[in-house]
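Both complexes below contain subunit A, partnered by subunit B and then by subunit C.
Up next, the complex of A and B:
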């Protein structure tokens, strides 16, 4: 160490006020040289910050996500870039569309997407008192996730905070930063309907390209599948997302619900949750569509695959489904009986 | 974490990806010295203030201990034992300071440094002035949590002050002294609020010029602070955590 290491200019003392000001000045993204004008910060996540910005060319509001540390290289920049590419691949009404990817003047990677006005699911459900309404939201989440799985993409961080519900009831699955590409197919291949599906190169089991190393846990406790929580990423597949969806369903059925479903009905929903959240992957639903179909069947008053009904359960469900007609027929029969009795006397 | 990710760099400012941890473990003597200089630059003030308040030492004693600590860091190659997977560098250094002071007390044979050890030219008078400015309440930092917080605050102060000096040097180099003056007046000043319009009037320039100058200066300041921070972290993960701490960013 040498004495010359000390700066020739005496180091300035910064007051607490100056530190606060420097922090707030450094926090805002510098959008100089882009077509966007900063409006304000919307949210801060584990990887970066989301700002509301105005696209000055198209004169519309967009959400701009940028890494909170500068640099266009490294694991985080790759992850952000990858997230944008995943979003671009997943064109679905339940997934927020991405507009542009770029680099800011300080080298930070950013992308812009549709600005979603609405509330996070965990905030939105406070105003949804009915179980069927909550289940309909859940089915729409499943639709978006099923679409992603069909495109070979796992979300891996599904939770209420990553779902937005818009003012017109639109349901959007957000934050694909931990997404993993499953399908090892580059270029395009036809889907079931014969349309061409663009795909991203798959992540290896080491997961380096998406920043997930074996043994490293990424996700949210309470919503992570056991294989994800234990860092066994090579075991993760669509059923890992199904576990998270099951946890979301359970959350929707218990969180701030003024009146839960009747005990018999709750058994069917409990069975759906239990099957989705089974510890062993083999015991869960094989596909998100199956989970959504079970919930839809429940909404339609039909038997669900996860719950084996007794004869009494079947009768009770039959009664619930056709009670109007049952009462109508009963009333008709009663009237006939009364009529016969009156005529005989 | 693979330390090879960090590459060495030359120049007045720490280059991106250059790391003191890697350099100090390397074979290159000049690089090792530069690494310790960088570390000393950022940490001597927090260490000094910490010794003064945490260990309740008089100024000459704290100065001696601060000098001694950095000398010991060099002699005993303390940084080689640092494991980025186990703790942050900042916490490790603070614990090393504690251990050093305790050992010095126990042995009770501390000799005045200065004979065989080269003294660092540290501005202790400036540090004393800061301590006596009344902004630090010694009574409020009695608990271990508040000690950690105090050390962290002083470390951020030191880091930002160095980044400000980097910015000043850059402005001088590029003949943008006015931009630094604007930055100094708006972001570093303590004499009440001043508006962009007032600054524009004072310097006889357009408000847009003030906006641009401040945006540029803040961007450069941030870059310098991040570069210095990156250089003093042992892994990308530590760098991210330390960035959040330094800039006060809390994740949702």
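Up next, the complex of A and C:
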């Protein structure tokens, strides 16, 4: 080839910035054919990516979770679909509601849910300096988890990063991707109040339907119960989530807290944490409601079931609870004595 | 415990204590039993009134003022009937009302609103 046959226009080199932009654009989900318009990526997890999208029909912002890989078949696709079904089952103010499940043009499974504008719990508590305020958040997490347990669903990945706190104080438990269905009931089943509760088919002890095989460890170190950490998923029940809740409670009581409660009150909270995080399942709270009730009793200045109080502890708690009233009575009695003395002299 | 019952118990207890202090006044010691009963009933009325008020109005300040006023009026009536010991009767009686007013606002359960 002669020199004249070489094209005259010089070769253009793309900058690194442009390449990064093109690459990230190519990685974005293709929402063509859906009613959603992509706004941006919110988070990326092990299973998929969460985007902020606009529902053009209802003109609202939603969170759209889509698998990293294409195709509606396979373990991950099943798990994402299952996560959406679990969320649909759990209609509770403390659990993010699912809107729609579908498949993108490239075959990727996706589902949309409420877009939560808030902070993760671990970020939110940086601005919460008061122990009671943190405990109130914790009780609301417990309410959502207790509801899920009542519907026969275990979360199995409870940790501060999976809890969102909204701008108006709403507390939402997120990421139910590792959830396990406990109740072995399909269709509707009446609850304690006699209402009909829809249920998903239960996972077997091998956990295949949730994509969790015996011996495979899934969860977050530090928040996993011993039975979960050792892969003994057949041993997992509501008390495994209680262990994780206990770890969250301990985190809330220690992380960036400027001034903790007094030593005597701290003993009660320590006892609650210790009971929730007991290594043996039998030593933990039997139900999330019991854990939440103990924390609520602590907030109300009452005795907690996890801590055996001495007589001095009881007196101190009584004094703290009725301090002003006790001083009023004492002032009244003093005034009475002074009045008698004055009148007599 | 509901607010009315709480007010009744605290008012009656403090009223009884108030009446018992009459023992320190030799000139009325002979009428001690009557004074204790009367003072207990006085505290009881103040307590029930403060309890009813606390169910209607949720304010510690207003509760204290109401209790103080009821205690004062009741004690004044007693002192007026005796034409004596005004300070020794009115001052403790008013403070009993104040305490009961505070306690019924701060403590005790308000019944749930009927649907």
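Throughout what follows, the second predicted complex is superposed on the first by the 323 of 345 C-alpha atoms of A that agree within 3 Å, B and C clash if a C-alpha of one lies under 4 Å from a C-alpha of the other, contacts with A are read in each partner's own complex, and residues count from 1 in each chain.
Rule of thumb we're sticking to: a contact is a pair of C-beta atoms (placed from the backbone, for glycine too) under 8 Å apart; a residue touches a chain by one contact, two chains touch by 3 or more.
Fair warning: this is a prediction, and the values are worked out from it, not measured in the lab.
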For this session: Would you sort A:43 into first (subunit B), second (subunit C), both or neither based on which partner it touches?
Result: first
Problem set entry | Touch count on subunit A, higher of subunit B and subunit C | B
Exercise. In the superposed arrangement, does A:343 touch subunit B (first), subunit C (second), both or neither?
Worked result: second
Problem set entry | Touched partner set for A:332, first subunit B, second subunit C, both or neither | second
Exercise. In the superposed arrangement, does A:105 touch subunit B (first), subunit C (second), both or neither?
Worked result: first
Problem set entry | Those residues of subunit A which subunit B touches in one complex and subunit C touches in the other | none
Exercise. For subunit A, which residues are in contact with subunit C within the complex?
Worked result: 322, 324-325, 328-329, 332-333, 335-336, 339-340, 343-344
Problem set entry | subunit A partner contacts - residues on subunit B that touch it in the complex | 16, 33, 36-38, 40-41, 45, 70-71, 74, 118-123, 126, 129-130, 133, 135, 156-158, 160-162, 164-165, 168-169, 186-190, 212, 214-215, 218-219, 221-223, 225-226, 236, 239-240, 243-244, 247-252
For this session: Please name which positions on subunit A make contact with subunit B in the complex.
Result: 1-7, 9-19, 21-23, 25-27, 30, 32, 43-46, 49, 68-71, 74-76, 105-106, 161
For this session: Please give the residue numbers of subunit C that touch subunit A in the complex, ascending.
Result: 14, 17-18, 21, 24-25, 87-88, 91-92, 95-96, 98-99, 102-103, 106-107
